[in-house]
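Below: a set of structures, written as structure tokens.
Next, two complexes with chain A in common: one pairs it with chain B, the other with chain C.
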Partner chain A sequence: MDGLHNWTLAAPEIFLAAAAMILLMIGVYRGERGADLVSSLCVASLGIAIFLVLRLEHGTAYHELFLVDAFTKMMKVLSLLAAGIAIVMSRSYFVLVGVWRFEFPVLVLLATLGMLVMISANDLMTLYLGLEMQSLALYVTAAFQRDSERSTEAGLKYFVLSSVASGMLLYGASLVYGFAGTTSFPGLARGFLAGDVATGAIIGLVFVLAGLVFKISAVPFHMWTPDVYEGAPTPVTALFSVAPKIAAMSLIVSVVMGPFRPLLAQWQQILVAVAVLSTIWGAIAALRQENIKRLMAYSSIANMGYVVLGLAAGTEEGVRSVVIYMIIYLAMNVGTFAVILSMRRKGVMVERISDLSGLAQRQPMMALALLLFMFSMAGIPPLAGFFAKLNVFLAAINAGLYVAATIAVLASVVGAYYYVRIVKVMYFDDPAEAFDRPVERDMAVVMLATALFVFPVFPVFQAPFMNGAQAAAKTFFSGR
Partner chain B sequence: MEFLVKVIVFLPLIACLIAGFAGRAIGDRGAQWVTTLGLLVSAVLSWIVFFKVGFEGAGGTFRVATWIVSDTFESAWSLRVDTLTAVMLIVVTTVSAMVHLYSIGYMAEDPGIPRFMSYLSLFTFAMLMLVTADNLVQLFFGWEGVGLASYLLIGYWYERPSANAAAIKAFIVNRVGDFGFALGIFAVYMLTGSVQLDAIFKAGPELAAMNFEFLGVQVPALTTICILLFIGACGKSAQIGLHTWLPDAMEGPTPVSALIHAATMVTAGIFMVARLSPLFELSQTALAVVTVVGASTAFFAATIGLTQWDIKRVVAYSTCSQLGYMFFACGVGAYGAAIFHLMTHAFFKALLFLGSGSVIHAMHHEQDMRHMGGLKDKIPQTHWLMWIGTLSLAGIGIPLILGHGIGFAGFHSKDIILEAAYGAHSGVGFYAFWLGIAGAFMTAFYSCRLMFLTFFGRPHDHHHYEQAHESPPVMLIPLYVLALGAVVAGFAGYNIFVGDGWEGFWRGSIAMEGSREALHHAHEVPWLVKVLPLVMGVAGIAVAWWFYVGSRANLPQMMANAFPALYQLSYRKWYFDELYDFLFVRPALWIGGQFWKKGDVGIIDGVGPNGLAAGAARMSRILGRVQSGYLYHYAFAMLIGVALLVTWYMLSRGQ
Partner chain C sequence: MIHALAFYVFAAVTVVSAFMVISARNPVHSVLYLILAFFNSAALFLLMGAEFIAMILVIVYVGAVAVLFLFVVMMLDINIAELRQGFLKYLPIGAAVGIALFAEILLALGAWSVSPVAAGSLRAKVSDVPNTEALGRLIYTDYMFLFQAAGMVLLIAMIGAIVLTLRTRPGVRRQKIAAQIGRRREEAVVLVKTRVGEGVSS
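Here is the complex of A and B:
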């Protein structure tokens, strides 16, 4: 491996790092007025990063610390996309609450850099490096609305709990290293394949998984989610609900399907337990929520449950279902948050479900978009969300996880209640006061694009997405 | 010939489709004329076919299409035309054409004319399918088709709750009969392997020797089959027990009552028994059942007719009663006499119904005879035409001259039925004869009661009386045509249907052996038997005149007071509706209520959806409490979680 090769494989990360530094400088020199410019440039940088990612060759760099293949490329694109949309959607909110500063987009850029590193991690050390880089930036964004008690509380909670999770992860990593003698993914895989499996390594794996599962907010490491989602500024919630989840999920897939794949039997039961508990908890605890951001927190817990279930299958089909699910989840969630961010009345954000009353009469197009997202999340055909769940359940059933699949299906029935309730509130309740108009152009574009993706684009043109996911999933099974 | 028959059968279907689907495009006028002209053409062609088949023997079976083929089961769609079918063709198409024409006037102000005309044509098509069937499945198809059309037409005024209730009642009561019919068809197919009529008749003698084992009891196969089929006939032809729907069916428009519930559909049961007479012939038990049921209905329905106030209900019970006559004629083997009466009855009963419709039309949809009276000067044409129908129904004529007497149509056909019953010289035959004689008296009484209450005396509703007006020509022309039939059909048809020419006419389309014997005996009865029906008829008319016109005292009220139990029994229709309500409707509702409230709402919903929902809500409260907002709770939960996962892993690995 020559040095140049390292540089080319990590080009998007290096570009983002440099861009972040430069934009920070621009921001500092332009001062308050620079926020719009920096924000635009950040989005542009993310766009360029996507372009760079797509041009990457496959291979490993930095002595196998860093990996690029079809799967990581796909997940990177998704993360970059999610981060870019989050920045686009954040402007109007921060302007409204008076904290529209250039630091925010730059922080998102840095968090995204962390995510890319996580996704490409091929070693426990890289993994931790990326994870912390991402987390540190995110802590700050959660508390970005400094003068808001709730925002700072959210940031603090996220920081403390995330630290606990990181501690667990580090402890697990040290156990693994202690028993297996290496932190490299390929090295670990070779060792486990040789049948040399110490109990301590497995316990280490459990701890590592716990740390990662925290990031995707699955049960029992989900407790932070509702509080942070509710407290953080809404654009940050939108960001949290998608980009870090994609990165963390991708990392979990890399870990369990990579070095620990020989131990499928050992981690499968853990993932199944996590999955089933998440779907049930996410469905049931959401039933009584009145705040739509909290509702989305439980919704994401449940959704992550389904994704983990797909992964728990441990098959190529399972990984494919994970990728598909994340793509669709990205669209549904971003779209929903675009609606939530448009819920403002006389210049004040509102976030209660009852505020949506009779929306269909006041703003029919927005109501229609939210209806599509809700029905999609509830898994109603022919919307995209149905296919997401369908693939997961098929994978689980083909892997023999009948009980888990059945419970998850039943939980999705319970979950459908609160999604459909929102539709009912919008379409059948007496109209509440209208939201401010017009809807921000950025939001309208995001809503339209994601709604079209949910229906009819994805259901009708599934093939390219399926093929892409298939190609991504294949990487774990055809040797890296 | 084949072309003729196909035109006759399919013209009404085409007219139905045009009026039904293009009704808006062609308008009310268009729908009326397309259906009416279609039927008039069908009727004219039917008469041609009738003469060709009846006198030249030009019948046959004409294949239309393959219908159902499944393994050994085969049912082609064919049109079988023999004398029996030809008779039914003229009856159905002629009456139907007249009713179509009449409806143009009667329904002129109705908002749904194309729908109505379309239904009428649909009915006619189904009825033609029924009478041209050459296998049991096709017969059943027509059978259900007329049932459907009947349902649609009874409930035609769907905004009236009573019409909907009557339509549903007709449908459900008919289901009971159809269940028997279907079982009969199944049994026939099971034993003979065919549903083709010819094949079944050929296998008849073998069937007579077979037995079913049912619940360990051996039952004769043929008798069982015949009785099952007869149950179907009872449902369609409103025989005692399954008759309750017919009076309620009067909720439909009057032309419908005339066409379906008097002249054609209700006679399908008689047609079926006649069509399957080669089978019935082989089971004396089944024939006895037919005789007893028919005779009982003839008597029982007549008693109810005595006291009803609704003009259409009187005629409806009269229909029920006359159908009883036809059945016991079949029961004693006089199938030709049954069909003969079927035909004459179709003319005079359709005349009476359409006449009643004319009265109702004149009285602005008033049907209660207590509000009528004195109409004979207001609507003279209707008055005289209805007298023709009434006298025909009462069986008035002069017996014993010109060979077999001369009189109105009903006189000829009813007399031959009663003579055949007497001539059977059997227990059931005498039972039928004496009930029939009693029925003849009551028939004359109630039909004249109807006439006197409606047309004589003083008007009771002056407002309606003043406005009463004669019906337009489009309604009167059909009445004249039917009146012609009611006068001459008996005299003209006697010879070929039941007289000397019968064998050359029927040509094996009904069971010949039994008919020969029955008719032979019928012609040999004493002259007293031939005169008795007329005596009873005249007596009935005289009594009715005395009761309602002649006497100054209120004789009907006095009679009712003198025999309150009998009066109530008749007025309350022998309490059949109350009995069924108690026996079937209430228990069914009760069971339904139990299943609904206890079973579905209580157990299934309570434990299932609602129970789970309540459980989910409870769980949700508990989980909400866990979400305390305290950092150390959350961190603790994470640690417990990881500890549990590790423990679980260790434990499961230890195994």
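Here is the complex of A and C:
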């Protein structure tokens, strides 16, 4: 009976792994022509996986290596959604540059499998394996456009720097294991609660956090982000900016709120520093960017800063604000990238901010969608982004992090400048040469759905999202 | 007695071959000495009763890693004279770093103390199960999930390597077995009557 229990709890992961292998075989036998089929089947598999996740019971499996609760289920659904949308958005780009191959959706599927394992990690070993599974697939997708020098460079840079981060994480994990004597999250929590905290374990925690913070590209481990975002194929950038962030963020949440919760005083300082630095640097460095993909890189750095600030509060309210922020961030980012992916002239992708000038006169609906995303990211009420930031700041202030919250608010004001600048370019500058029309149907659907979510769906119907996030946050505070 | 003798023989060969790895002039010889060092270390593990690690060392390190090194060394055109140029110049710095590291190791070993709990578990003999079997029992039961996940990681690495390097070049001539078998005599053979001294000009 116990054995069967294991299989049912990991059903989405097992399904995704099997689906990835079967789709790989289909792709191999159908050759290049199979790419469209494999891609739609991948999206379908992700959909089925969402369904399987929603039906999961709560509990631990595989001798406490693997955990399913309301929080992990929520985060898994978000990552699956982000990965599915990324695959849908990738087709037209790769067809355009001539590398539309069936391996891409399969690799995204495998990366998503890694994310699910990460999110469900209940042991340092599961954590590491999930992280590596996800990263390894993502390195390859970054270099997927292998005849492009920039894509290869992005892949290599991401690989080398990310390996260093993985090394730090492993070193930290080994220190934690050495001093605490176990790698299991519940075991660590019990040990630390008993007041048996060695300095070595705290140093280990710092290294583990450094490795994880790298994955969400928060300052001071953000160096790779602009280059990788700019160099990687745009759909891959769209994927990078959402799905892995959700998975890594949820991992940070479950690590600090789970095994290391008794060490709140220690990790709170780290997270506050990371949050403050990220928000400041994300806002200031983005001011002079001309390339919209680089701009989005700095924007994601700043956004991660706000999320980390919410987590640094260390309260139930804080975790709830993290979950809500990730939901809204998913919608805003995916929508913006749908617009970026539609920026092409005569079949060539363009990615400079000045290319957007006068968009309002050429394509008013697309301009309106981007306006909603930009205002939302800037945090202007009544758009969804405002509520995301509001929750984070409230959580931080209620936890007594006044200085950090003030600095973050000020940074968000600075950051609003570059978001609003894009709106200004679109609405008040002389029109540039028109983009290709019509916009791809997939992109239009994604844009429309996310824009509707940002406004008016989220601001008007907040209750279900709030309740979901509340239920997710509660898992850490009510004994699982 | 024979046990100690075997230990000293294997240990001595390991140390000597490890030294030869860094001092051999020819990089191919270096790799061959490395393989010798691996084999002897495997024998040392065997003497300790860790037969699983011994086997893994031979299979993974000798079978895969060292052969890979050998390929790399043979494929890359390494100029040995150029590599050795700065050797004397950097020797003092290198020696200083080496001595510092060695001193640190000595200090660490000097301050080493084994916790009583760990000492107890080191001595305790868990069971009479050979360690390959014991590892197998753990990996296939408690750590089943991690084992499978590690398998997926390797699969991803394999797919990634293929995606990034496999290129279908146009104009490559391949064997088409069906076409070969389907050929008929009339398409392939022409009988030409030739006169002596004139040859065939088609």
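Structure notes:
Everything below uses one rule, namely that the second predicted complex is superposed on the first by the 479 of 480 C-alpha atoms of A that agree within 3 Å, B and C clash if a C-alpha of one lies under 4 Å from a C-alpha of the other, contacts with A are read in each partner's own complex, and residues count from 1 in each chain.
In this section, contacts are C-beta pairs under 8 Å (C-beta built on N, C-alpha and C of every residue); 3 or more make two chains touch, one makes a residue touch a chain.
Treat the numbers as computed from the prediction; the structure is a model and nothing was measured.
In the overlay built on the shared chain, the residue A:Val414 is in contact with chain B alone; chain C does not reach it. In the superposition on chain A, A:Val454 contacts neither chain B nor chain C. In the superposition on chain A, contact is made by A:Val117 with chain C only, not with chain B.
Once chain A of one complex is fitted onto chain A of the other, the partner contacts of A:Ala238 are absent, as it touches neither chain B nor chain C. In the superposed model, A:Leu24 lies in contact with chain C only, and not with chain B. Once the two complexes are laid over each other on the shared chain, residue contacts for A:Glu103 go to chain C alone; chain B is not touched. In the superposed model, A:Phe214 lies in contact with chain B only, and not with chain C. Of the two partner chains placed by superposition, only chain C is touched by A:Ala10; chain B is not.
Put simply, chain A uses no single residue to touch chain B in one complex and chain C in the other. Touching chain A in their complex are the following residues of chain C: 142-146, 148-150, 152-153, 155-157, 159-160, 162-164. Chain A contributes residues 6, 10, 17, 21, 24, 61-63, 65-66, 101, 103, 106-107, 110, 113-114, 117, 125-126, 129-130, 132-133, 136-137, 139-140, 143-144, 146, 155 to its touches with chain C in the complex. Listed in rising order, the residues of chain A touching chain B in the complex are 157, 160-161, 164-165, 168, 199, 202-203, 206-207, 209-210, 214, 219-221, 223-224, 226-227, 266, 269-270, 273, 281, 283-288, 414, 417. Looking at the complex, you find that chain B touches chain A at residues 613, 616-617, 619-621, 623-624, 626-627, 629, 631, 633-635, 637-642, 644-646, 648-650, 652-653.
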